[in-house]
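In the two complexes below, subunit A is the common chain; its partner is subunit B in one and subunit C in the other.
== the complex of A and B ==
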């Protein structure tokens, strides 16, 4: 019974915790600009994250090591600094976007400008990472995040899409001069979904929850069912934007606009549901990013770490959390719109994916860590292909977006 | 060094330069991009105003949204004339005329029933259409 409960909780929290500022921003903008023409990218990203989450859970359950531990051990400390540097750059941008997402959500509920609420969001995250246990951080916002399933209700209430919109599934409406923007969104969708912080968070969480070889079933079911169903929120948001915002000539340039797509089928309740969904998913993601990067640094430098220990026992781990949060606050205070920041952060993550995840592939094929549970050819091929796609579209689209002022 | 005398980094840089130049063909000009984004923001503002008066969103939601629309449109009137790809003074002046009327609605959106919100929606929609048309031309 305890095992069934653990699996159910794992699935539910994976579904509720799937979205974040990046996935909300990319899904909303993708639907509004290109109809159903980027659904393929969401599906591709979902397959990739299912594979990666299953792998990192399997790795930790079998080896009893975290991902950061393994990189340092196998490749040495100097090499470890490369993926660490890419993580610090990309995730500090992402954390600023997540804090902005929390602030925008509170703003949509209260009417107060998000600029004033940004520090409130940062303080809320600081209080939670300082005082809450791992279970609360992992499960609390994710359970609240189940409200994202209301996006699916919205899609059902809107009824079937028009044939012309359906055709965008295989023939994306890319106007002349928009191809770079289309690629930029592909990169952002892949980067938003395949955030490497999830691997550090998931593997450290598996240690915090004392996973063992017996946890492999829980790991596999959580990865496949939880992440698979979690992507429903992302797909539903894309479909809502395509059906509601696109015909109104909107491009989902701000997070609040995306919520208007929920207001059409559900009225005033739809707006509130969107704001609550944005709040819970961005808060959950902000907490996970802070923890994941702090875990990574603490494990890499050999410090004491653990969310279930008191700050006095793991002083450097908690001190780093504060510094990292401060960096994100400084980025956020530059006043960049959270949606634009989320898109940029997601594309930067896509650009860094090969640096972040290549060591993981080597580790996943090392029997010294995984015994007879190493990767098969399908896992390896799928991961390499999707990483290359993400890197290629990011490396092409980022300079072009910056040159034209779109990024 | 290879037979042509170019080192690998130089070749990579040349390839990147050619790629960037070729990229001009599948990117919009900064002017078209700015105008298109502004048109979409005006459309969003018009929809927000219509939705709040038909009870589909709360006043708080609308107020928060307008703060964001203002940020997105901030400084556009100064940027447009100097943007690369701007299609002549007359065209920019035409757009700025729409901008001036619509931005007043964005600055002071009529969120209560006591003022003429329909006129603001009409101004925002007109500006949206003008900007989107300019982006496509």
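== the complex of A and C ==
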């Protein structure tokens, strides 16, 4: 019974925790600009993250080592600096975007400008990471994030899409001069969904929750079913934007604008539901990003770490966490719109994906870590394809950033 | 029963590893030691092996003597040119050496014989705890400090921190010390020629 509960909780939290400022921004903009023309990118990204999450969970459960441990121990300190540097840069931007998302959600609910609420969001995250256990941090916002399933309700209430919109599924409406922008969004969708911070967080979470070789079923179900169903929120938001915003020529340039897509099917209640969904998903993601980067640094340098220990017992881990949060606050206080920051952060993440993901190919085939649970041909083929896609996205994302002016 | 069998298998594997791994004096396997996690006898993770120090004995043997930790040792891993710069900035205050005798078995996690308080590696953690976190509400400092006091290690940290590190200094045979990172750098240059 305990096992069933653990599996159910894993699925539920994966569903509720799938979305974040990045995926909300990319799904909203993708639907508003290209109808259903980027659904394939969301599905592709979802399949990739399912595979990666399952692998990293399996790795940690069997080896009792986290992803960051493995990178440092197997590849050495010099190589470790590359994914570390890429994470520090990309995730500080993303954290600022997530805090901005929380602030905007609070702004939608209270009417107060998000600029004033930004520090409130940061303080809330600080209080939670300082005092809450891992279970509360992982499960709390994710359970609240089940509100994202209301996006699916909105889609159902709107009824079937027009044929002209349905056609965009296999024929994206890319106007002349828009191809760079289209590819930029592909890169952003991949970067927003396949965020390496998820892997560091999931891997560390497996240790926090004392996973072992007996947890492989829980891991597989959480990854496949949880992440799979989690993408429903992302797809539903894309479809909502396509049906509601695109005919109005709205480009979903802000998070608030994306929320309007919920107002049509559900009225004012839809607006509030969107705000609550945005709040919970961005809060959950902010917590995960802060923890993921702190885990990465602490594990890479061999410090004591863990949310279930008192701050004084893991002083370096918490000290880094506070500094990292401060850096994100400083970035956020520059006043950049959180949606634009989320899109930019997602493409920076996409740029660094090959560096962050390449260790998988080696560690997942190392019997010293995984014994008889190493990758089979399917998983190895999948990793190679993921790396090729990541590399292609990385190569094009910088020129696209320049050409499109960051979306 | 199953758990007992599993424990027996684990003990067997540990025994095999102990038999396979040569004596401490014959080990210079950078790949197996470098970057490994260091864990003390009281289950505290204090850092990772940043570099190793070995001695070239008069009889020609290269013998591992100390494990090095800290930012200065790490700087040498990035670039040999960076090391003197970092050394100049940090004045040798943050480089710590742990004698090889302190290692209780060479496994993916290197377990040390002493407690965390016995090593200067990880001192920054205690400094942060005692000087900054003690003033922050919810840090758990009071309970942690009381626990340390009860175990008799509350304030003696700076006196004992270097004990383990100097213990084997007197017993070491004279020889020429080399750094693992320097050996690796030399070997890579040698191979490239």
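In the analysis below, the second predicted complex is superposed on the first by the 397 of 407 C-alpha atoms of A that agree within 3 Å, B and C clash if a C-alpha of one lies under 4 Å from a C-alpha of the other, contacts with A are read in each partner's own complex, and residues count from 1 in each chain.
In this section, contacts are C-beta pairs under 8 Å (C-beta built on N, C-alpha and C of every residue); 3 or more make two chains touch, one makes a residue touch a chain.
Because the structure is predicted, anything quoted here is derived from the model rather than measured.
Undergrad: Should the pairing of subunit B and subunit C on subunit A count as a clash or a fit in the superposition?
TA: Taken together on subunit A, subunit C would fit alongside subunit B, as the superposition shows.
Undergrad: With both structures fitted on chain A, tell me whether subunit B or subunit C touches more of subunit A's residues.
TA: Touched residues of subunit A are more numerous for B.
Undergrad: Considering only the touch criterion stated at the top, classify A:304 as touching first (subunit B), second (subunit C), both, or neither.
TA: second
Undergrad: Thinking of the overlay built on chain A, is A:160 touched by subunit B (first), by subunit C (second), by both, or by neither?
TA: A:160 sits against neither subunit B nor subunit C.
Undergrad: With subunit A at the apex, figure out the C-alpha centre angle toward subunit B and subunit C and round it to a multiple of 10 degrees.
TA: Vertex subunit A, arms to subunit B and subunit C: 130 degrees.
Undergrad: Look at A:247 in the shared chain and tell me whether it touches subunit B only, subunit C only, both, or neither; answer first, second, both or neither.
TA: A:247 contacts neither subunit B nor subunit C.
Undergrad: Is A:110 touching anything from subunit B or subunit C once the two structures are fitted on A? First, second, both or neither.
TA: first
Undergrad: Rounded to the nearest angstrom, what is the minimum C-alpha distance from subunit B to subunit C in the superposition?
TA: 18
Undergrad: Touching subunit B in one complex and subunit C in the other: list those residues of subunit A.
TA: none
Undergrad: What does subunit A use to touch subunit C in their complex?
TA: Residue list for subunit A touching subunit C: 65, 69, 72-73, 76-78, 80-81, 130-131, 300-305, 310-316, 318-319.
Undergrad: Note which residues of subunit A are touching subunit B in the complex, please.
TA: Listed in rising order, the residues of subunit A that touch subunit B are 104, 107-115, 175, 177-181, 248-251, 253-257, 259-260, 263-264, 267-268, 270-272, 275, 335, 337, 396, 399-400, 403-406.
Undergrad: What does subunit C use to touch subunit A in their complex?
TA: 34-38, 44-48, 50, 74, 77-78, 108, 122, 124-126, 128-129, 132-134, 136, 138-141, 143-144
Undergrad: Under the touch definition given earlier, write down the residues of subunit B that touch subunit A in their complex.
TA: Within the complex, subunit B touches subunit A at residues 16, 19-20, 23, 26-30, 32-34, 36-37, 39-41, 43-44, 47-48, 51, 55-61, 63-65, 67-69, 71-72, 128, 132, 136.
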